[in-house]
Structures are given as structure tokens and as C-alpha cells.
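Below you'll find the structures, each written out as C-alpha cells.
Same chain, two partners: subunit A is paired with subunit B first, then with subunit C.
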Partner chain A sequence: MLVGIWAIVAVLPLFFGGTDFIMHILIMCLIWSVVASCWDLIMGFAGIFSFGQVAFFVIGSYTSAIVSAGFGVPPIFAVFIAGGFTALVGILVGLPCLKLKGAYIALVTFAVHMILEPVLKGDIGQAIGTGGTRGLLSIDPMTLFGYTFTTASPIPYFYLFFLVAVACSVIILLVIRSHWGTAFLALKDSQEFATCLGVSAFKYKLMVFALTSFLTGMMGGFYAHYVGMLSTRMLGIDLFVTLMVILVIGGVGKFPGAILGAFITIAINELLSPLGPFRPITMGALVVILVLLLPDGIVGLIQKLSRGSRGRLSPKVH
Partner chain B sequence: MLRVTQVTKKFGELTAVNNLSFEVAQGQVFGIAGPNGAGKSTVYNLITGLYDFEGSISFKDQNISGMTPHCIARLGIARTFQIPQTFPSLTVAKTVEVGSYFGSQTGFDRGHVNEVLAFVNLADKREAPTGSLNLLDKKMLMIGAALATRPEILMLDEPMAGSNSKEILRLMDLIRRINQDLGVTIILIEHFMKVLTELTQKLLIIETGTEICCGDPREVTSDPRVIECYLGDSHD
Partner chain C sequence: MIFEIADVIISGLINGSVYALMAVGLTLIYGVSRAFNFAYGSFYSLGGYIAFLLFGLSFINSYFLVFLLAAPILLLFGFFVEKALVAPLRKRDDWEIKVMMITLGLALLLDNAYQVIFGARMKSLPPFLGGAFEAGDFYLSHQDVGIFFLSIGGILVFRWFLNNTRTGMSVRAVAQNPAGAQIVGIPKEFVFAATFAISTVMVGMGGILLAQKYFITPMGGWDILVKAWVITAFGGMGSIRGGLYAAFIVGMLEAFVGWYFGMTWTLIVLFAVLLTTLAVRPQGLMGKWG
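Our next item is the complex of A and B:
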């Protein structure tokens, strides 16, 4: 399914390459597909109700922008530094979460989201170069082997993000299929039994925090150099809800559902734009209907249909 | 092989295990019995590192007090749970692989996984989702996953609960084979006295976390203190 999705996405510029607006939407779909996939890995597979994904994205984007502007680091390296720094923050956030369960993890991780905006806007933010309430307005564009990517010609940018998204999705798929993925699922299903079989909850929970925050932070870095400006507006509820809708539509714990969900959600969102103020209401209603009709999302439906056609009744397990 | 020394566990005001001491010898089937709420499963949770406690527990002369559950599992102490725990996201084979991959000191061994699946009679259900298994198979799977860690001690928590007489005989046979054929020391929490007297060589009776008596199962089960503990004062 992953190969099929990326094969279709790879040829989309052939149809929409001439329309900058659509190319911009496709690039945003690629970015959100990675962020949502990371959220799915930590929440859907590892069973950790982390609500800090948007915060990690913002931390990564600011870090990359500050590192490239303040220390002259080329953007292509700055994004990896941003990923590393965000992974460190992810581990620090993950440590107290090891002692917590369910809703309490959601509260702790969402607290990181909530305190980030005043930190970035306040004196601390000003001191480290976030631009305070004004934000960052002129972030260096991405350069690679002497070529500078610009939003004026979005096709090269699209394929850069496409390669990054493919690489991230392959990493996530490999993790899910490896013993890491097995450990995540075992800990999600029964932590007591899993630990009594030798699975280290400490190690694997921190690993999933580190990996997902690294990829999310790195993607935030790419985003910063793509849009060229940053503000704390991203920490509003809109992006958070959009990512949640992406997960619900794609199917929680149904990788690569988050990738599919990103393209479908962003497309529906754009198609509903003529509705103006009624768009969020319509979007919300669609999500409610979808949750009721397809609790496992689009991928869950595809799996069900595929099993039905093969005459199998057993649910998809690893 | 396993020595529990003056162990106490309190949950707030409630003392679940009170100054309990016992020793399990290598190759033994050691039984633990007592009325509901006596603290039997809590003892398992203390040995496997799920709870902290006062006192000390040592395994092969190594103090394991304060160790994490996964470290204790890798040392060679495996367990099952009273309410069957499985991984609904995984298949039967994958569940056993978890034990082999993460819990075995010798590392993952696919051949051993297949042997374990055959040993617990689940080879033909290896690709089945664990959620589709019946209660007996879920218990077999728990035991299989625990065996995949190549344990030296296997602690079984009320394996007969909810089983009919046929299933009890099958489980008793399995426990005997684990002990005799595989040489694994067994600690068995059970309510069925017949199972305990037939399988165990030493039986510990506890009530409200305190030892009532410990010794030969036949002598222990005829001890007036044990009869009183199970049937109350009114039996006579």
C-alpha cells in the first residue's frame, strides 16, 4: 500500500505542476503525512497518548531557523541538528511519562504544547533568537549542492519533500516491522506481561519518544526553510485538530493510514473552502460520521474489504 | 534457588504481605495457597519486580530486590498471570517470539520458538490472532511465551482458574512436563487442593500476607490452622 501511495504522489506534479497553489498544498500534505505518521507511531502503535507532536514540530522549525541564521549552519545540516535537539526534548518529556498512563501522559505532553508559546514569545525566546511576538521573518531557503530551492518554482521543492517523506515512511515501516515495533505493540497491549517477558518499558518508550520527535523536529526544520517565516500561530488549535483529523481519517495504528489521511484531509479541507465559516463545522461533522462508520479509518476499511475478498475473518495482526 | 526473606508490602494502611519468608529449591514444584485476598499474587508481583517492598529476595544468591521486571525476566524468572494476558495486536507465534527475543539470555532462536509452540500444543494456531483463542489456549500461550524466555523458575498464577476437569488434567500434565522434561523449577499459586497435593513437593499457606504453615502438602492440608483458614471457625 505504501508503494502504491508514493507511486501516485510521485506523478502528481505531472498534472498539477503548473499550478503553484496546488503544488504548495501537495508539499504541505507531504509535511503533515510525516508528522501524522510519527504521531501514529507513538500513539497508535506504542499506545502512548502523546499530545506533544505539534510542539515538537514547532521546536524543530525554530531550532533549524535559529541554528542556520545564528551560527551560519547550512539549512540541510540545520534540519538534522533541529531533529537531534527535538529528540533530546522528546526524551526529556518522555522521562516523566514513563511513570504515567493514558490521560496523564496526554496532559503532560499537552502541557509542553501550552507552555511553548509563552516561552517562544517571551524574554527567553527573545534571548535565543525566536523573534518574540514578531516571529522569524526571513529564514534562509534550503540549499543543496549549490542549488537553492525557492517557492517560486515549487516542483524541485516538492520532490525534495517527497524524498524526505518517503525516507521517513520507510524508517517508520522498518521500525514497525522490526522487534522495536513488536515491543511497542506488546507494551501497548499489556505492559505488565511484556515487561515480565523481558521487554524494557523504559528503553522502548524512550526510543519511540526520541525517534518520533527526531523525525517531527527534522520535518519542522524543512518546513521553516520552505515557508521562510515562523510564528507561534502554528501552536493554535487548528494544526493540532487537523493532525488529529488526519489520523482519524487514515486510521489510528493503521500505517500508512496517516499518509493517506494527510492527502484526503487536506484535499477535503481545500474543497470545503467555499463554505467559508461553515467549513470547520462541516469538517467536524464529517469526522464524527467517519468515526461512527469507520472507526479504523480508510486503511481499516481497505483491510476489511481485502480480507472480505479473500474470505478471511481474522483481524489484521502483526 | 529463590529465597524470600522477611518481605513486607504495604498499600497505604493495608499490609498485603507481612514479614513473609520462604525458600524454593532447584527443580522443586512449590505451591502457594490461601484464601482470596491472602496476598498470593502480590508475592508474585514482588518477586518479578512489579512492586517495591521491604525485605529481600535473592535468586541463585543474587539479590534481585529493586530490579526492574525485564531484568528479572532475563535472569531466568518467568511468570503467568491469573487473568490471561495476551497481546491482541500480535499473532500466537509473535507472542512467543517476544519471550525469545527479549527475555532469553541466549538471544532469539526461531527453532526454540517452534519447539515451544509444539510443546504447548499451539503449533497449528501459530498465525492465529491471540484474541481468537479460547481461555485454555490463552493460558497455554502465556505459558509458552514464558517458556520462550528459557526460564529457570516459572511462576504460575492460578492456571486452573475457570477450567473444566478435562482442561485441568491437561494443564497438570503440562506443568509436570515443564518441571520434569525441561527441568524448570515451578512456583504454583492454586486454589484446587487436589492439584497442589498431586503436583507440589512443598506447600506454603498464607492468609492476609502472613505465613500460616509451610511444608509437605499432605501434612499442610490437614493442619487445623489451614482448615480453619479455608473453612472458618464454624466448621467444627
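Our next item is the complex of A and C:
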């Protein structure tokens, strides 16, 4: 399924390559597909209600921008430094969460999101070069082997993001297929039982925090160098809900679903833009309706249909 | 100086009392049904907007009538939301996260609907008591005193309801043991919907009370959601008494930090205190794991 999705995405520039606007949307789809997949990994597979995904993304983007501007690090390395830094933050946030349950974890991670805006805008942020309320306006574009990517020619940029997204999704798929994935499933079903069997909740949960925040932060870095400017507006509720819609449409805990969801959601979001102020209302209504009618997302629906056609019923396991 | 500190204490007490009313509502839903309501802040704004609309009607001239009319509207709204959106999800294994998602969608829907219907500009409500106690530099408006006593009164009425009425006792029974409550014939589904409705009334009333001081804005509910959430986690989710203490601690903390360091620091200090508390006592001040 993953191969199929990426094969279709890879040839999309052949049709839309001439239109910069659509290429820009496709690049955004690639970015959000990785961020949403990471969220799916931590929330859908590991069962940790982390609400700090957007915060990690913003931390990564600011880190990359500051590192490349302040220390003259080439952007291609800066994004990895950003990923590493975000992973560090992820571990710091993850540590208190390991002792907590359910809605408490949601609160602590959401707290990071809430604190980030005053920190970036305030004195501390200005001291490390976030530009305060104004944000960062000129971030170096990405360069690779002497070639500078520009937004004027989006096709090379598209394939750069495409490669990164494919790499990230393969990493996520490998994690889900490996013994990590099995451990997450066991921990999600019954933490006590899994721990008794020798699955270390501490190790695996911390690892998933580190991995998802690394990938998210790195993607944030790529995003920063692509759009060339950053502000704390990203921390508004819109982006947060867009990511959630992606997960709802794709299906929580149905891996390639998040990628599929990203393309569908961003497309819907753009199609709805003529509605103006009614767009967020429609998005909100969409979340409510989809959670009720399509609780497992598109991938869940496909699985259900393919099961139904074979006339096989899967027993419900509790 | 001494009057300034008195002012800070008073504002902490008044905000704390309203926070207590709202945090008790949030802790109630979580304690009884384990559902987390992301649209709680939007229900807060809803209370304010309902009061604003009611004041637009010609025959409404007192807060008494507004409370009398707003309470059943909020009650019905909460009941309907639970029945239509949350109840169908309960059958699923991963319903907790689904409930979070659906209420977040509802919050987005409501907040933007307010923006379209009422506009982005702030709306204000008339103060419900004029005048003030004055003694030299000391100033205490009657409105603040009224808000304080109404919130405390609301919590006391709620306590009486939980301890002395049949519905209240079934709410407590379901909170303690859902399966056991069902065995002795308590309609669990109804209790879930009823607690959701009651909590909606509590936060909506909080919205009406605070809207007189802080205006009503379409997005104003998020701040309240975060504060009510911090208070419930700080006091212990599902513990009403813990929530009560935590609300006053948070109210005071906010007032003193805001006065001494400036308002931008309140949220940061609040979360720092919360994280420290959770690191030492993961279940909050008076909560129990369950």
C-alpha cells in the first residue's frame, strides 16, 4: 500500500509540474504526511496521547533556522541538528509522561505547545534569536552539493521532500513491523501484562518519543528552509486541527493512512478556501461527522471492504 | 503596598472561585465517564454568548432571569452533545482518543461559528451589581463579591445535589464502579449524559460570571480550557475536593505572578508548578489512579 501511494505521488509532478501553486500544495502534503505519520506512530501505535506534535515541529523549524543563520551551518546539516535538538526536547517531555496516564499525558504535552508561544515571543526567545512577535523573515534556502533549491523552481524541491518523506515513512514502517511495533501493541493492550513479560515500558516509550520528535523536528527544519520565514502563528489551533483531520481521515493506528489522509485533507482544505470564514466551521463539522461515521478512516474502510468481499469475518479480540 | 497585596489576594480569591466552579465540572465528567471534553472552553464562551443574546431580548432585565433561562438551554445542549457525539463512541476500544478528537472538532466548529455569528469583536455584559465597598485606598466592587458568592453557592448546590438527590447518588455510584452501578439498576448511559449536561451548565455559568469582567471573545475559551485542565490535573482528576483546593491555589498563584512578574509569565509558572507536582505526585494533590 505504501509503495502504491508513493508511486502515484512520484509521477504527480508530470501532470502538475507547470503550476507552481499546485506544486507548493503537494510539497505541503509531503511535509504534513510525515508529521502526521509520526503522530500516528506515537498515538495510534504506542497509545501515548501526545498533543505536542505541532510544538515539536515548531521547535525543529526554529532550531534549524537559528542554527543555520547564527552559526553558519549549511541548511542540510542544520535540519539534522534541529532533529537532534527536538529529540532531546522530546525525551525531556517524555520523561515525566512515563509516570502518567491518559489525559495527564495529553495535558503535559499540550502544555509544551501552550508555553512555546510566550517563550518564543518573549525575552528568552529574543535572546536566542527567534525574532519575537515579528518572527524570522529571511531563512537561507536549502543547498545540496552546490545546488541551491529555490521556490521559483518547485520540482527539484518536490523531489527532495519526496525522498525525505519516503525515507521517513520507510523508517516508520520498519519500526511498526519490527519487535518495537509488537512491543507497542503489547504495552497498549495491557501495560502490566507486557511489563511482566519483560517488555520495558520505559525504554520503548522513551524511544518512540525520541524517534517521532526527531523526525518531526527534522521535517520542521526542512519546512523552515523551504518557506523561508517563520512566526508563532503556526502554533494556532488551525494547524493542530488540520493534523488531527489528517489522522481522522487516514485512520488512527492504520499506518499508511496518515499519508493518504494528508493528501486528501490538504486538498479538501484548499478546495474549501473559497468559503472564507466558513472553512474552519466545515473542517470542524467534518471531524465530528468523520469520527462518527468513519471511525477507522479510509484505510479502515478499505480493510473492511476487502474483508467483506472475501466473505471472511475477523473475530473481535479484546 | 498593603492595599495592593490585598487587591491581589482578592482577585486571586474571585478568579479561584470561578475556576473552582469550572474545574469541578471538568473533573466531574472525567471522574464519572473517563471522557475528556476538549470543547469545554467553547461551552464557556457559549454561556457568555447565550447571556449576551438573552440581554438583547426586551423583557430580560435582570441576571436572575438570565440564569434561569440559560441553565436549561445549557443543560439540554450538553445532554444532546453527549447523546449524539460521545455516547456512540463508547462501544469502541479506542474511544478515549476518539472522544478527544470529536470534541476538538466540535470546539473548532463552535468557536468559528461564534466568530461568524457574533463577529470577532469583544462582547461585554452589563455588571450585575453596581457600587463598591471603599475605605481609603481599599476598593472592592460589589460585583466581585457577588461573583465570589455565586460561584461558591453554585459549588455548594452541586455538592448538595451529589449527596442528597437520587440522580446525584447514581452519579457517584457510576463514578465508583460503573459495572456495579449497572448491576443494581442504575441507568449508566443516562448518568453519563446527565453528568455531561451538568458540567456544561457549570462551565456556562462560569462563562456568564466571568464575561462581566473579561469580555466574551470567540477564542476566549481556550485559556479557560487550559486552566480548568491544569486545575483538575493539579488537584487530581476525578477528585472534587482536590479540584477545589487546586482552583484557589491556581487563582492565587496567577494573581501573584501576574502582579509581580507580569501576565506573560503566569502560564509558564503555572505549568512549571503543575509539572513539579505531577513529577512528585503523578495522581495530583488528592486524586486516585483508576
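List of remarks:
As a convention for this text, the second predicted complex is superposed on the first by the 314 of 318 C-alpha atoms of A that agree within 3 Å, B and C clash if a C-alpha of one lies under 4 Å from a C-alpha of the other, contacts with A are read in each partner's own complex, and residues count from 1 in each chain.
What we mean here is this: contacts are C-beta pairs under 8 Å (C-beta built on N, C-alpha and C of every residue); 3 or more make two chains touch, one makes a residue touch a chain.
Just so it is clear, the model here is predicted, and its values are computed rather than measured.
In the superposed model, A:115 lies in contact with subunit C only, and not with subunit B.
In the overlay built on the shared chain, the residue A:66 is in contact with neither subunit B nor subunit C.
By the touch criterion defined above, A:89 reaches neither subunit B nor subunit C. Once the two complexes are overlaid on the shared chain, A:230 sits clear of subunit B and of subunit C alike.
Of the two partners, subunit B and subunit C, it is C that touches more residues of subunit A. When both complexes are overlaid on chain A, the residue A:55 reaches neither subunit B nor subunit C. Residue contacts after overlaying the shared chain place A:183 against subunit B, while subunit C stays out of touching range.
In the superposed model, A:196 makes contact with subunit B only, not with subunit C. Shared-chain residue A:104: touches subunit C; no touch with subunit B.
Shared contact residues of subunit A with subunit B and subunit C: 253, 318. Within the complex, the subunit A residues that touch subunit B are 179, 182-183, 185-186, 188-190, 192-202, 253, 314-315, 317-318. By the touch criterion stated above, subunit A contacts subunit C in their complex at residues 43, 49, 96, 99-104, 106-108, 110-111, 114-115, 118-119, 122, 237, 241, 244-245, 247-248, 252-253, 277-278, 280-281, 283-288, 291-292, 295, 318.
Per the touch definition, subunit C reaches subunit A in the complex via residues 30, 34, 36, 85, 88-89, 92-94, 96-98, 100-102, 104-113, 115-116, 219, 222, 226, 229-230, 233, 237, 264-265, 267-268, 271, 274-275, 278-279, 282, 289. Interface residues of subunit B facing subunit A in the complex, by the touch rule stated above, are 48, 50, 68-70, 72-74, 78-79, 81, 85-91, 94-95, 97-99, 101-104, 128-132, 142, 145-146, 148-149.
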